Every structure is written in C-alpha cells, then in structure tokens.
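Note that the chains take the letters A, B, C and D in the order they are written out, and that residue 1 is the start of every chain.
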C-alpha cells in the first residue's frame, strides 16, 4: 500500500487530497503517473500534464525514482510560496 | 582663500584638522598637494603618499580637478565606515 | 574531512503573525556577528487589482524539513552563525507579513548572500502554494520563470 | 526622457542608537511593497582580540550628502519605494549597532540588490573612518581591498 497526497490546484481539480493505492511490485514515479491516468477523467487530464512535481517520502524526486510499498508519494504543481 | 580639511589618520598625523590657504590663481588638486608638501615635515610625508583621497566642495574628485578661491577642499585616507 | 559550521537554526510554519523585531533581537545577540540581514515578504496589493487575500496551502512536515535543509545548506555555504525562518500559511490579507528570513554572519557579503540564497530556494523548492482571492474570484498563483532563474544562479559549478 | 522613480528617503548620521524595529515598521507601511530588506552592521568582537571600542569619525555635511546620493541612485537602479539609512558616529562598544540600511521594494531581488548596493557604496565612498581601541592601544582601521572589489561589481558596463 502507498499513500498518495495531492496539493494546491491539483488537489482542487481532483477534488480529493489523498488516495491509498495497493502496490504489489515496486514501480517508478512515471509508471505510477500512468496508472493514475486511468482513475477518472479528472485524473487523466491532470496526470498527463508535464508540469507536475513529485515528492517521495517528503523529498522532491525525478520521474525515474522507484516507489516501494509503505512510501508516501505526493504530487503537486510548481510551488509558489515566499 | 581656500579652506582645507583633514580627517582620520591624516588629521592625527598632521595634528590639525584644518588650514586656511590664500589662493591667488586656480590650481589643480595635484598642484595643491605639491604646495602642501612644503608646509612641514609631517605634511611632506603625508602628501607624497599616493593613497590620499580628495573631496572638493564635499564631492570626491580626481587629482586633475581644478580648485577655485572659496572652495572647501578635504584630504583623507581611504574610508572605513559601515 | 571538512569541519561543519555549527549555527543556531530556527524554522517555523504557522498561521499566526511573527515579530520581525524579536527575530532581529535574537540574531543580534549572537556572539561575534558583524552583520544581520532580514528579509520580510508581505502580501502585496496592486493599484489595478483589488486583492482581498492570499490563501497559503502547504505540505505539513515536508515544508518544515525543506526549510531546515535550506537553512543548513546556507550555514555551510556562507558561514552563517544563525538562521531564523518563519513562513505563515492560511488566509492573509494585503500588507500582512508572509515570510521572514533572518541571518547573522561575521561579514556582510555572507549575510546578504545567505538570506537571498534561502529566499531563492524557498520560492522554488518548498511545497507551499498561493491562491489569490480578489473581487473577480479565486486564482492559483502561477510559478514564475524569474524565480527559477534566480534559483539556478546558486547551482554549484 | 526617463521617468524618475520617487521614493521616501531618510538619512541620518548620529551618535545615538537607532531602532531597527521602528525602521522596519516604517518601511512595511509603504503601500504596494512586497519586500523589505534590512541590513544592520554591529561592532564585532573577536575571540582573539580584546576590542574595547570603535571610534567613528566623519566629515559632517559630506557624509549626509553622500548617503543621500547613494540612496537616490539605489532608488533609480532598483525601483525602490523607500530607503532609510542611519549611521552612528562617536565611541561604540562591542555588539553595539553601527549602521542600518533598510529598503522597501515591490520585488525581493530589487530589495536585496538595493540594500547591498548601498552598503558596498557606503563602505568605499562615504567619508567615515574607524579607529580601533583595544587593550594594546589604538589603531586606524585599514580599508579592505575586498570592499573595493564589492563596490566595483556595481559599475555600469
């Protein structure tokens, strides 16, 4: 099982802030994004966008980062704090 | 007549903070420095140093700046404020 | 083995306002410091646009960790003696304080560089998002390429 | 014809201490500002050397004019909305405040650059001199080449 979090405009578009997903074998961030595309039309639109950032266990990562069961994965738009 | 002011380590070495000098014809800062060299041994030593800055009427100037009667001229070492 | 610079680092993410004065006073009390730089970001109203508020959302936990790592990296790169960062979240109205970054250093160029480095990282790497509320509705603030360019300046050659 | 940026400039040279807090509060009250940077320089004690005091001498009149011109130039170059500078003179003991430069701007990169520009000019162009009093006597502080290099960075190409 992995926990997936959504923030900002993405959270609003998906109308949910998190999702638990069973994960039997390790996959990359990119592969996870592909999987999420099939979840709903809102997900399809959001996860085909190239502009999403991803954090695994609260660290910004690249798309080839591997995800293990138990990880906390977050997707969000480019940040705008400060 | 011109008023000449001295500051910082220069003021201390010359043991005076100002000097009034009659000026009949306009001269450059460099020419004034040469004149001041003849004033006393302390002046000779101080005004042959290349490291002095000069301000005419409270503006930093180069050595070829011309000085007129009535001007306020100041000599001082490189500044160290802040 | 390189010796690690040790420094007092404080990081807070909170809805409440902060006191720039208190942060300055704490930094100025650090021994052997010659230079204190503080940066404060405020909710900026625009003459053309009637901004009602900014709403700031963040990723709890990750935000604090990111800010702390940035502060630690700034300490090492610029020999800082202390860093304080407070970032507010929630609903902020025009002219309110959003963020303060305060640094103490031996020398002024390190203090300036350290504070600006932290802000440039914060703007592009820390999971915080702003939503603008104005008279015509709400709008998520877009990331600026100028912020990314500012950030890229600091990458090690 | 280039339009001149107008801004609130305050310059003071004084023996009395100043309030960083008050300066920050005045800058933060300027409309349409998103970024406030303050720099404070303190009398820095050294662990090796027993500094008793710094004595600051200046050229009355010229100092104020120089600081005002620097502030005006910073306003034009970095679109600053306000500048406050206070420089103390006289006899200052370790950890006391020497100088504060505070600027308000629309954007953070202008605020950082404006404050650093003013400090780099101040360090090399303004007629102020420091004399160090320590347990072994007195010594006029020497100008640093690093300060001159910092200043040279800002010369227009």
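Throughout what follows, a residue touches a chain if its C-beta (ideal position, glycine included) is under 8 Å from a C-beta of that chain, and two chains touch if they have at least 3 such contacts.
Please read these numbers as outputs of a predicted model, since none were measured by experiment.
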With subunit C excluded from consideration and all other chains held fixed, what connected components does the contact network retain? A | B, D
Looking at C-alpha means, what's the farthest chain from subunit C? B
Roughly how many whole angstrom separate the Cα centroids of subunit B and subunit D? 26
In whole angstrom, how far does the Cα centroid of subunit C sit from the Cα centroid of subunit D? 23
Take the average of all CA coordinates in subunit A, do the same for subunit B, and state the distance between these two points in whole angstrom. 71
Which subunit C residues sit where two or more other chains touch them? 41, 108, 119
Quick one: which residues in subunit A touch 2 or more of the other chains? 82
Interchain contacts, given as pairs of chains that touch: A-C, B-D, C-D
Provide the residue numbers of subunit B that touch subunit D in the complex, in ascending order. 5, 7-9, 11-12, 55, 58-60, 74, 76-82
Interface with subunit C, subunit D side, in the complex: residues 20-21, 24, 28, 31-47, 95, 97, 106, 108-109, 111-112, 115-116, 119, 146, 150
Seen from subunit C, its contact residues with subunit A in the complex are 41, 56-59, 61-62, 65, 87, 98-99, 119, 122-131, 140-143
